[in-house]
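Heads up, the thing below is written out as structure tokens.
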Amino acid sequence: MNSILLKNGRVVTADSDAVCDILIEGETIVSIGRNLSAEGAQVIDCTGKLIMPGGIDPHVHLEMPFMGTFSSDTYETGTRAALHGGTTTVIDFILQKQGNSLRSAFEEWSGRATGNAVGDYSFHMAVTDFNPGTKEEIKDMVAEGITSFKTFMAYKGALMIDDAQMVGLMQEVKKHGGLVTAHATNGDMIDTLIAQHRAQGKLTPLYHYLSQPEVTEAEASGRFADIANYTGVQAYIVHLTCEGALNQVRRATERNQRVLVETCIQYLVLDASLYEDEANGAKYVMSPPLREKKDQATLWAGINQGLVNVVGTDHCPFMWEQKLMGKDDFSKIPNGHPAIEHRLELLFSEGVNTGRITPQKFVAVTSTNAAKIFGLFPRKGTISIGADADLLILDPEKKHTISADTHHMNVDYSAYEGWELTGKIETVLLRGKVAVDAGETKIAKGYGQFIKRGKTAF
Amino acid sequence: MNSILLKNGRVVTADSDAVCDILIEGETIVSIGRNLSAEGAQVIDCTGKLIMPGGIDPHVHLEMPFMGTFSSDTYETGTRAALHGGTTTVIDFILQKQGNSLRSAFEEWSGRATGNAVGDYSFHMAVTDFNPGTKEEIKDMVAEGITSFKTFMAYKGALMIDDAQMVGLMQEVKKHGGLVTAHATNGDMIDTLIAQHRAQGKLTPLYHYLSQPEVTEAEASGRFADIANYTGVQAYIVHLTCEGALNQVRRATERNQRVLVETCIQYLVLDASLYEDEANGAKYVMSPPLREKKDQATLWAGINQGLVNVVGTDHCPFMWEQKLMGKDDFSKIPNGHPAIEHRLELLFSEGVNTGRITPQKFVAVTSTNAAKIFGLFPRKGTISIGADADLLILDPEKKHTISADTHHMNVDYSAYEGWELTGKIETVLLRGKVAVDAGETKIAKGYGQFIKRGKTAF
Amino acid sequence: MNSILLKNGRVVTADSDAVCDILIEGETIVSIGRNLSAEGAQVIDCTGKLIMPGGIDPHVHLEMPFMGTFSSDTYETGTRAALHGGTTTVIDFILQKQGNSLRSAFEEWSGRATGNAVGDYSFHMAVTDFNPGTKEEIKDMVAEGITSFKTFMAYKGALMIDDAQMVGLMQEVKKHGGLVTAHATNGDMIDTLIAQHRAQGKLTPLYHYLSQPEVTEAEASGRFADIANYTGVQAYIVHLTCEGALNQVRRATERNQRVLVETCIQYLVLDASLYEDEANGAKYVMSPPLREKKDQATLWAGINQGLVNVVGTDHCPFMWEQKLMGKDDFSKIPNGHPAIEHRLELLFSEGVNTGRITPQKFVAVTSTNAAKIFGLFPRKGTISIGADADLLILDPEKKHTISADTHHMNVDYSAYEGWELTGKIETVLLRGKVAVDAGETKIAKGYGQFIKRGKTAF
Amino acid sequence: MNSILLKNGRVVTADSDAVCDILIEGETIVSIGRNLSAEGAQVIDCTGKLIMPGGIDPHVHLEMPFMGTFSSDTYETGTRAALHGGTTTVIDFILQKQGNSLRSAFEEWSGRATGNAVGDYSFHMAVTDFNPGTKEEIKDMVAEGITSFKTFMAYKGALMIDDAQMVGLMQEVKKHGGLVTAHATNGDMIDTLIAQHRAQGKLTPLYHYLSQPEVTEAEASGRFADIANYTGVQAYIVHLTCEGALNQVRRATERNQRVLVETCIQYLVLDASLYEDEANGAKYVMSPPLREKKDQATLWAGINQGLVNVVGTDHCPFMWEQKLMGKDDFSKIPNGHPAIEHRLELLFSEGVNTGRITPQKFVAVTSTNAAKIFGLFPRKGTISIGADADLLILDPEKKHTISADTHHMNVDYSAYEGWELTGKIETVLLRGKVAVDAGETKIAKGYGQFIKRGKTAF
């Protein structure tokens, strides 16, 4: 059995901070201590480096079918890029096709992922058609290790379920101990605003933004929390972006409800002024859209208040040519933005280095909380004995610049082109193997495994 | 150097859960792993047991001067009892005497504690008279490792500062990176209600409760948060008991403020119906008083919402004879309740065993969060390399019964007499020494050290 | 021209209270004063009586088409019964048929009403299908004097519009200075709960109540307010029943929005315990259902807070035989409850006589506010010169008992059978004619006119 | 008996709007109607004019003792200026001297007012020292027709009572059916901020503003509401200026509490940018200070929401020379601003003419609501039979310019110098006498009477 010994790193987890060694045997961590030695082990000197749990990105869309094509990162390219950025596990979304079963969607998604992933992965199940048949399948999916069920409150006719389905789904998921998550925006309102803008010839990317005003997210977030509270199910809002939406979560606390919240890295560091650049605005067309400075402030505060629990990416990349499908009409721009590779370094540079959050909080929102919420804990999300040796080694002083020329995602532009960050992830281990080192991938496609998940323990 | 090897325990921290061994050398943890061995080490078999960080109780009053006498636990008896209950560090309150300096109070308190404590301890400084002189002393106290400053919004003429002093104190503490905490009740309102009840001959313990209605705490909590928000200082509310008060904290989140919250174990498990027993009500005379069932529900929810960060005790014991000073007048009953020894076992039995909170959350609210908030982290509050080997070993199945006959606090009654709990703390280590084992104290008075604290990193 | 002189009444309006005379010539009030005389005038001695503006009930359903039949009061019987209870003007709801035009519905409703009403009436237009065609008709309806547009957030497939239509409708109505009102309950959630109860064989009237829990109304009220705030239209919630819903309105005030609120008399004086009577529960099957005591407290408080502006009835009577359509299945019980005749006397007896509201507030919520909100002011809703002489004369001391045997509504049971009230409306004038006196109707069908309405001035 | 006949005016009250005549005999209105005639009556042609109830200003300080001098308007000059501006009744504040009785203060104030007032007046009693003696006097004051009790939460050592006194006072006032009002700002916080600014040499008027940040008012408003809610007394906040404070009132509605709110005209039309003018800033030194544009928006919205009930002035004029006492130190500038004469014309021009509020709302907030709240209704605050003939006649088109050269207040500058308003009050009647006409005072000092007040009926 191969063994690796990390020496003299500053080991940072959500609740510890210590300079020490870590010994890995096979896929797992077997010792943490001072002056560890292990015959035959590969030794990696981590002096001056931070060792942290590998990131968990619970919100990615790889090879997602879209208008006859796919989001541009495959399970291979996407999980590889994730590893380059320190993210060792991703959770992708299976999208049930309305009219079909959950099982068939699971099989379709598994078919694309199996044997192709470099990093570990799991699935959420997006229930887009809740009916007596799919109701029966909920427990089956839980048995398959898919314990979180995604709902879309937007995209009517394709992905959206209405509140009639929502209440039924929540009741069923609660019965089986699962979690319900939501893309919480009022799709109906948005559809009207899009149609109005198009009818008025307002077709630039700016109108993507103006078609999804804060209220569309705040309203749906409140509604989702209301229905969840009625059913008693544990609720989780994906990609929450704004003050209005977080305030709904805050107010829900007054009735003793806990609504879990994920934001995404872009909402913390980018803002809606980018839509004013007509030429490049398409790069930032995602849903919900980027928001205002005041919303960034809300999200950073939310992290420290313990109310924003997870920072993901909603990684959903499209090539510039794909983006150009909407060059004359914002509503035809494929929604999504590539970030799977940069989440951790962006958050470290903008969050930890600026003093906005502690290193412990950094680990909590990039890894540990997601592990606990999505039933991966304590196998993942922490550095402890018997846990998967999913680790990143970060040089906190090293400056580097983001560019499409150097990133590993399969997309031909970067949303952060030219950004200089402080703090570089240099080496990444996945289940005991060096997966990435000094910019090179050390493991092959197929190394990544499907991880069955258990229930929320947060 | 002595060494201890804990074998095969289930090591639970705020972010891990693993069966493994822990090796201690001298005062600190040096290795965590599987199949550890250490020549000459004392081996403790922990099979089937939980090993968790020693508890930190940030709210105790030992040997507190009171009406010519003292609270009945000395630094010796109090910290020893704490150790029996798994609490390895306590933070006591120095009470500045109005008119005198902070320094003189520090010296007085240090005088009582030094050489007498069995367990480790630190101090908060209660600033009861903020003036140009004490303003100058804030930075000195920070230099002494006293980084948290307590305020009383009640007890006019003895401990209370008014809002004029509050705003000045907060500004000064912020300047030096400290934390301001508050006993947040509207003392003026309470004084009137007490006087009215006494004038009406309403003298039983029930009127202690009725003199401190929920609004007195909710109002002051909101006011404290308001002033803190204005100054930008990090605020912490001690012994928060009720829905009205927590709702103030929840609403403060809407302006992006974070107010840290401590509740105490008794508010989670006892309620105000106890005041109806005229003979025994004095045992529960504390301030704030016990509340209603709905408030218990709020506090448990608050823990899981991440808004109630710490569970302390406000341990302030008095002998029954001392309590009897108020047998004819509730306002003369010394306020306080003995709990330093039972906090962890009560919370484990009522919280973890009932499924209300996870074991990780248990550790967070009994130890880790307090360590981070009060500048003891990562030396204390966690199980990691180089950290103080402050550990408790708990048998999660073992049933036991609380009684004044068997407890170690220097007080002749128990507020929990006859309660049967599941989960017994059997062995406790403090800085690498077995402090308590099988009901016996293994270390002597004087072992406990004063711990200098740094700044909040939460 | 006929003239009537009311002598020595206590004239109470929303902002006055004076003992004096009122002289009416033709249809209007021409003098208010002391010691008025008028040759040839019919003199009515009002000594000891209150004279108040005739009630305006802005929420009634007369001869409403329903499952091949109609609500049991025609324009004749309904407006006559209204007059007996002091209500001189009602506003009925035209229900657009999905797929058809607003105009055709207007014509259908006008066809039923024209020539048949005893009392005055107007129409709201319920837009159940907002599309490019009906969008064009909004301004036409405003021109016809129909300035308020009703929306249903429930009854999918029949009356409900989705949020896509809602936002468009609000924008169009705002453009023309109109008002948007809503039946604000989450119909989708309710549909699921009904289906579940039916599937479980839970078929008694109690399950009507349990299928529309408070959250279904609170959620929709908040959503309606949110969308209205986005569009800037003046919003009005009909038949608001509960704390959860009013709290949404209260919270909306924090963003400087005003949402107007109507409750109905039954929600102030009846509660959900009536559903436990299986035999009679059907009498109280209405939507939203009756609520709890705490909700009554909220509504009374809301009136005095100025946040509940109108007390209507949602009068929609069905004969007991019609109600029996649902004797084996609550979901088949025609929804609605007869109250058009008793609104004022119930509110006077339960509100003014108990001291809960002032007589001025009574007038405001039964008449003046509705007149201002719905564009009838100052022609109606007040006692002033030139205003329609729509007046009621009430003996504040007189006790009487409600019974189906004596009421004038065309329905064979009373929801208030046997209730003894204090305060009897003895004489009612409509546009200068004695319409009701001593229990007798003095005017004939066809006297009632369609009243064109202007814009909100509140 | 003299009689006056107002012909063809547009009579506007809070709930009516009609072109008609008003006949006055002696002091009261005896007829309202069309084509009225009265032999011997003085006829005033009101064609094209608005006739509205004389204004009631419930917040003025005339001849208020201050640092050895007095506010510059006497009862004569102040009530005369009020009349010129259409305000026929003012309510002044008696300030109890700490240590002395309420009775002695009442006598002192009565001594200054009796025989000197031109317009009608009443008194609030400011209880600055609540003790067993003054407690006994509450019922006596109610018997004297002083039913509202003012509290100061600021000005420690002079006017402020603490919360211990507040709760006792509220309980006593509630017992006697009175109303408690508050200057709701946190005086302690303000005292600290003033002292800090002075210590730092920050002495210009801008620092007056910065010493009373929004939180000082929001906090105290919430505290006042909290204590009032506990006692059940009817509460009224004077001169509320800001969003933070109104939000406290809005949130209090959620517990079914009603807190009545007065703002003052200056807070609606002026803002804090005026403090940047060092030379003239002293003119705007009042407490609370002027606020921001967002606060103006809140107040206008609050009026239409029914939550801001009254627009007063807090008229407290000082000559420029008096203001200059603070030319080198903002804290020595006498607080106050002259507005008694301009309240109605400013609100009409800025509120009614701009469409922000209806003419009915104008009457409600300038007259009717105050009459109801302060127990003057229906004698004052309305135009009805038997009511005092307190009327103003306003030309809604007429433009005029405010200037110290032409105003009638005894103060040598105007806070609105050069403002051009649309809408001029041309004639004012007080109890049936023409008091002001075409800029001339027609009644003499001594005509104004002390008006005993009853209880709130709102």
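Brief remarks follow.
As written, the chain order gives the labels A, B, C and D, with residue 1 at the start of each chain.
As a convention for this text, a contact is a pair of C-beta atoms (placed from the backbone, for glycine too) under 8 Å apart; a residue touches a chain by one contact, two chains touch by 3 or more.
Computed from a predicted structure; not experimentally measured.
Within the contact network of the assembly, the step distance from chain A to chain D comes to 2. Across the assembly, the mean Cα position most removed from that of chain D is the one of A. Taking the mean of the C-alpha atoms as each chain's centre, chain B and chain D sit 51 Å apart. Taking each chain's centre as the average of its CA atoms, chain C and chain D sit 37 Å apart.
The distance from the centre of chain B to the centre of chain C, each centre being the mean of the chain's C-alpha atoms, comes to 58 Å. In chain B, 251 are the positions where the chain touches two or more neighbouring chains simultaneously. Applying the touch criterion to all chain pairs gives A-B, A-C, B-D, C-D.
On chain A, the positions that touch chain C within their shared complex are 156, 162-168, 186, 188-189, 191-193, 196, 213, 215, 218-219, 222-223, 226-227, 229-230, 251. Against chain C, in their complex, chain D makes its touches with residues 11, 13-20, 23, 30-36, 247, 250-251, 253-254, 256-258, 297-298, 301-302, 304-307, 309, 358, 360, 363-364, 368, 372, 377-378, 381-387, 457-458.
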